[in-house]
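Below you'll find a set of structures to go through.
Look at the two complexes coming up: chain A is in both, with chain B in one and chain C in the other.
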Partner chain A sequence: MKYNPITKDILEELVEILGAKNVIVDEEKMENYSHDETSEEYAHMPEVVITPKSADQISKVMKLANKHLVPVTPRGAGSGLSGGAIPVFGGILLSIEKMNRVLEVDYDNMMIVVEPGLVTNEINGIVDEKGLFYAGYPMSLLTCYIGGNIAENAGGGKAIKYGVTGRYVMGLEVVTPTGEIVEMGGKNIKDVTGYDLKRLMIGSEGTLGVITKAIIKLSPKPKFATDLLVLFNDAESAIRMVPKIISEGRIVPTSIEFMDKLSVHTTCDYLNEHLPYQKAGSMLLIEVDGTVEENVNLDAETIGELCLENNAIEVYVADNYTTQERVWSVRRNIAEAFMVYSPEQSLEDIVVPIANIAKLMPEIEKISKKYDIKMPSYGHAGDGNLHTTLVKNPNTTIEEWHEIEEKALQELYNIVYELGGKLSGEHGIGLKRKKYMKDYVSEAEIMLMKKIKKAFDPNNIMNPGKIID
Partner chain B sequence: MKYNPITKDILEELVEILGAKNVIVDEEKMENYSHDETSEEYAHMPEVVITPKSADQISKVMKLANKHLVPVTPRGAGSGLSGGAIPVFGGILLSIEKMNRVLEVDYDNMMIVVEPGLVTNEINGIVDEKGLFYAGYPMSLLTCYIGGNIAENAGGGKAIKYGVTGRYVMGLEVVTPTGEIVEMGGKNIKDVTGYDLKRLMIGSEGTLGVITKAIIKLSPKPKFATDLLVLFNDAESAIRMVPKIISEGRIVPTSIEFMDKLSVHTTCDYLNEHLPYQKAGSMLLIEVDGTVEENVNLDAETIGELCLENNAIEVYVADNYTTQERVWSVRRNIAEAFMVYSPEQSLEDIVVPIANIAKLMPEIEKISKKYDIKMPSYGHAGDGNLHTTLVKNPNTTIEEWHEIEEKALQELYNIVYELGGKLSGEHGIGLKRKKYMKDYVSEAEIMLMKKIKKAFDPNNIMNPGKIID
Partner chain C sequence: MNIIIPIKQVPETSNVKMDPETGTMIREGVESIINPLDLYAIEIGIQLKEEHGGKVTVITMGPPKAEKALKEAIAMGCDDGILISDRKFAGSDTWSTAYVLGEAIKKIGNYDLILAGERATDGDTGQVGPNIAAYLNLTLGTYISRIDEVTSDSIVVERLLEEGYEKLQMPLPSLITVVKEISYPRLPTLRGKQKARMTDLPLLTASDMELEEELLGLNGSPTRVVKIESPKVTRGGTIITAKDEDMLEESVDKLIEFLKSKEII
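For the complex of A and B:
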């Protein structure tokens, strides 16, 4: 695919559509838009950054881009972890940062209508007074945008009970790659009026259109929560608890987070935190929530007992905010803690059927030994979704590391697929994992994806170079 | 679109692929496959009925059908309510009735792998012993097939708490219109590895492929349930309770079913049932369920009190199986009861934002008076999804009725769309509602649907004549 450069004429047309202050060509200002939270090696400069304020403006931009064959890359908060918002072919970087209004709070339907550039957690700030909350829970909810969450179908730490972003998106307004403004879905709880275009948009990583408005479902906010920190001798015993809690305990917890020995030790050292971790070969962090305090306590008790009957060494209860924060802070600081060891990392997002995490763990250890790298594993055990991270050994050179990273990743993915897993549970394919698609996703499936892409975006100008080629 | 007839040669090829006993051309035997549960006026005979037993056979059939340009219409149990399985262009009727095996019960992952021809409720029969259940709940679950549920994204009476079919479909095996066998999704709770093809298949009414296998998620079965029968003076008071229960009560009930005065009276008379209905202008049937009995009782109590504070005349509690069955049997027999009055009916499936049902009710009454027909409304108030039914006045002729039906429906849909609603909440567009798509769905949206259809089915042979032309 050959794209045309952004000419002076195109810039003038952009200024006409958007106004001069929404068209940025200053190199220094554009630098921030050249990368997301993935490694710097994926960075690429745009030719121009635009900050539109309406679907109408975006529609005009898309028509212009089609006419001149220039690529358009939509971008949220830049908190992505797969390079999805990186303008690999230059062209126009379309930042939704100025489209951050709350358009309607509809308590009668328990929905909120927002623009895509709203910081996700702001929804909670608004609806909290009515005892409601947004049940999507990406770990970066204090900084990420709801539009980015939808484009990536973001997951997070509460998906086992509440599901991921897509469950709460009732309606979308989308500008298609050819510039049409399309409403999909609405405020209806059920809707089977034709193909589910909205669901196709969710998780399509900005390759099928720009989300310009979203109708989000709210849920009654649970009044009480309790966390259990459960210590096990080994990873397998911890992992085996996940289906037991749900089927034997008949409880769907809010979270079941897993941390292996390496993650816990390194992070506790980093935080100077003295959790009772010395004995632990692995840990589960289990949260239950609900509206009735006794019921939440009963659930926590049932789970604690079940764990103790099944090889847990110890169960600690965190039923107040301070202790809960201490425990969760360990979970949240794992990536940070390993940065001290080496900033050269590859944060993965593998997912396997929950029952297979136990089989995955020893294989990860083998790879780690073979290549002499650290590979902490932690994350959403309740969803089979682990953020196994490859961390460079400080004794190797950057060149050696890149070679090791590639080989180790391939071996990791091989095992994940043998176990029925997938490349990405919540971060997306984007730029970073695109090259692995052909090895792990069937040709027939890729062919259907390509046909859909072509149907929506005949000139391949919308976020090109992502997911598939 | 011109299709070719089924020739002797094609029949021979079908026999070669499927074996003689899986290729039916007997007119009498084929009659049963010419209609579903919609009115007889939509019926159409197939040229041949086939009963394949594997994805492989279906793949060969699709390749054959493409070569000869003959239409293929997939069919589940024939319990559809929109004519989706009717072979309007003749050709091959592909019945999945012989693909009804349970392929795997995976308790460790709490999933079951089934063929599409399995009767939905059989899943519950199998997994009940482990305290699990399938949380999809179409009202016809004792007779419908899981494959049909997926193709229609079937809803039902428990969607307010548990969501609809799509939430529980983890993976699909699909034979595409061009004969490729494609696996979509898998046993992973989270998965953002490329476009969500599985979600696009769900609810596509058999127009994008034949489902040949499904991985279904199981849930812990609630141990206790209580039903409340709540009487109101008018429909508006009843409807206004729905958001109140969820936001003020912070309870998401299992069901909130609504029955208007006409539905309750006619059905109670039909069943010779003496529910305390005389005073009621409308009724809500509210179910709550859970694992802890006291909690279920507390929820029921909270809801009951909230209703009494908000204009309910009376609240009856049905906390045992016999009383629950009595109450639900009224709800289930409404359609049947009106059959006595007239078998000429149009069962609709409109959906509006829940807060707008109250505005919809008086409009329905106006249409009913204007055309002198009965229009009982009942259904899933918790989802804004009402089965408003147009019932012919026995004093009019069939010709007059068809004219009235068309006009009244158009007026009904006009109001539904003015209120932000949609043509179908759970029954699908199929054949019956296709003609209304162009009036109510935007051109841009229809264009995207057409492009997707074309991408999957270039020769338009897979269930043609449904959803869009």
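For the complex of A and C:
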């Protein structure tokens, strides 16, 4: 695909639509929009950054972009992990940062209507006083935007109980790649009026349109939460707890987070955490929540007893701010702890059926040994989504690393697919995993995806170069 | 070795909001936790018990809900907890609190060591520990960062000073207040939590002790909060700029001169 460069005329037209303040060409300022949270090697500069304030403006921009055949890449807060918001073909970078208003708080229907650039966690700040919360939030909720969450169908640590972003999106207003403003879904709990286009938009990674408004479902906020930090001798014993907790314990916890031996040891060491982790071969962090304190404690106790019956070395209980912060900081600091060892990493997002996580662990260890790299595995054991990370051995050159990275990833994905898994659970394909799509996703599926893309975006100008070519 | 640890339940303050008009904290919806600095006293107390035998008793003066703090300490490994609670204690300052705690400790009796956190994170005075020592006429060691040796009638400790450490040999019984350096608090275990739930917490009220009514609560407290003000931050900072490379040396000289004038170097 050959795109046209942004000319002076196009810039003038953009200024006319958006006002001079919302059209940025300053190189230094644009640099911030050239990357997300993936490694620097994926970065690419846009030719112009725009910060529209309405669907109407975006519609005009899309029509202009079609006319001149220039690519448009929508961007949220830039906390993505797949390179999805990187303008690989230059062109227009459309940042939704100025569309951050709360349009309506509808307590009668327990919904909130927001613009896409609202920081996700702000929803909770607004509705907290009514005992409500937004349950679909990801780990990065303090910085990410709700629009980005929807575009990526972001998941998080609480998906086992609350599901992921998509479950809470009731309706969307979208500007299509050709510039139409379309309302999809709405405030109705049930709606089978034609194809569910809203569902199609969720997780489409900004390739099918720009989300300009979202109707979000709110949930009653649990009053109490208790966390269990459980040490096990080995990874398998920990992983085997997941189905046991649900079927034998008859409890769906809010989270079941898993950390393998390498993650536990490196992070505890990094945090100067003096838990007796030295003897631990893996760790689970299990959270239960609810409205009645006694019930929450009872659930925690049931799960704790189950763990002790099944090879747990020790079960720690955190039911107040001090201890909860402490146990969660072990989980939250894993990525940072490995940065100290080597900043060259590939953070993966593989997902397998929960029953197969135990089979995956020894295979990861084999790959790690074969290529002499560290491969800590941690993540959401409750839903089979593991953030296995490839960490460069500091003794290898960057060229060697790229070679190793590609081979090791291929082997990892092969095993994941043998176990019935998928490339990405919650981060998306974007730019980073695009080249692996054709090897693991059927031709028929890719064909359908291409046809859908073509129907929405005949000139292929909306976030081109992502998911599929 | 029998140890008594007075602890305090405090509001969790890391996410706290202030009332802009009164300058006081908005307590509504704020969780109560064990004073974070008391956790170090609890940990070292449990360690001493594990090494030398005896038992650890935690006590707290507060409303009935402060029971939760005692249960948490028992879940960590303390043996007993005693709640000292009475409406008459409401509004006590550090002096009056130390008076009641001192009387409570007398009533409990049979102790070798009293361990206290350095200070509470809410009032931030660091007075109650030393006040108890004064009231009970015990040897006091503040800012203790290490316990080196324990015998049947003495204890050797290290005291953290601004410019180093002081080694103290203290007779037993005595009272020490401890700093963070002394230990890494453990987490409560499931078994500990279960034990704590089964443990009865005796209640001590004003009438259970020999207290003089006029020394209790707000009326018995010599401290008066007259006014609460937020301090104004006046640190402006000095910025020395080097616009280009030629100015680098000159700017560095200026910086050195500035640091010398402040007697920093």
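To be clear about the criterion, the second predicted complex is superposed on the first by the 469 of 469 C-alpha atoms of A that agree within 3 Å, B and C clash if a C-alpha of one lies under 4 Å from a C-alpha of the other, contacts with A are read in each partner's own complex, and residues count from 1 in each chain.
Just so we're on the same page, contacts are C-beta pairs under 8 Å (C-beta built on N, C-alpha and C of every residue); 3 or more make two chains touch, one makes a residue touch a chain.
As the structure is a computational prediction, the values presented were derived from the model and not from experiment.
Enquirer: On the superposed three-chain arrangement, identify whether chain B or chain C touches more chain A residues.
Expert: Result: the larger residue contact count on chain A belongs to B.
Enquirer: Touching A:Asn295, do we find chain B (first), chain C (second), both, or neither?
Expert: A:Asn295 sits against chain B, while chain C stays out of touch.
Enquirer: Looking at A:Ile189, would you say it contacts chain B, chain C, both, or neither? Reply first, second, both or neither.
Expert: first
Enquirer: Let me test your reading of the model: by the given contact rule, A:Gly91 touches which partner, first (chain B), second (chain C), both or neither?
Expert: After superposition on chain A, A:Gly91 lies in contact with neither partner.
Enquirer: Given the touch rule stated above, what does A:Pro52 touch, chain B (first), chain C (second), both, or neither?
Expert: neither
Enquirer: Pick one for A:Ile452: touches chain B only (first), chain C only (second), both, or neither.
Expert: Touch partner of A:Ile452: chain B, not chain C.
Enquirer: Provide the residue numbers of chain A that touch chain C in the complex, in ascending order.
Expert: My answer: residues 228-229, 274-275, 301, 304-305, 308, 314-318, 320-323, 326-327.
Enquirer: Mind pulling up the chain B residues that touch chain A in the complex?
Expert: Residue list for chain B touching chain A: 106-111, 130-132, 152-153, 155, 159-160, 163-164, 166-167, 176, 180-184, 186-197, 199-200, 202-204, 208, 219-221, 223, 243, 246-252, 291-292, 294-295, 298, 351-355, 380, 382-385, 420-429, 437, 440-442, 444-449, 451-456, 467-468.
Enquirer: Within the complex, which stretch of chain C touches chain A?
Expert: Residues 12, 14, 31, 33-34, 36, 39, 72, 75, 184, 186-194.
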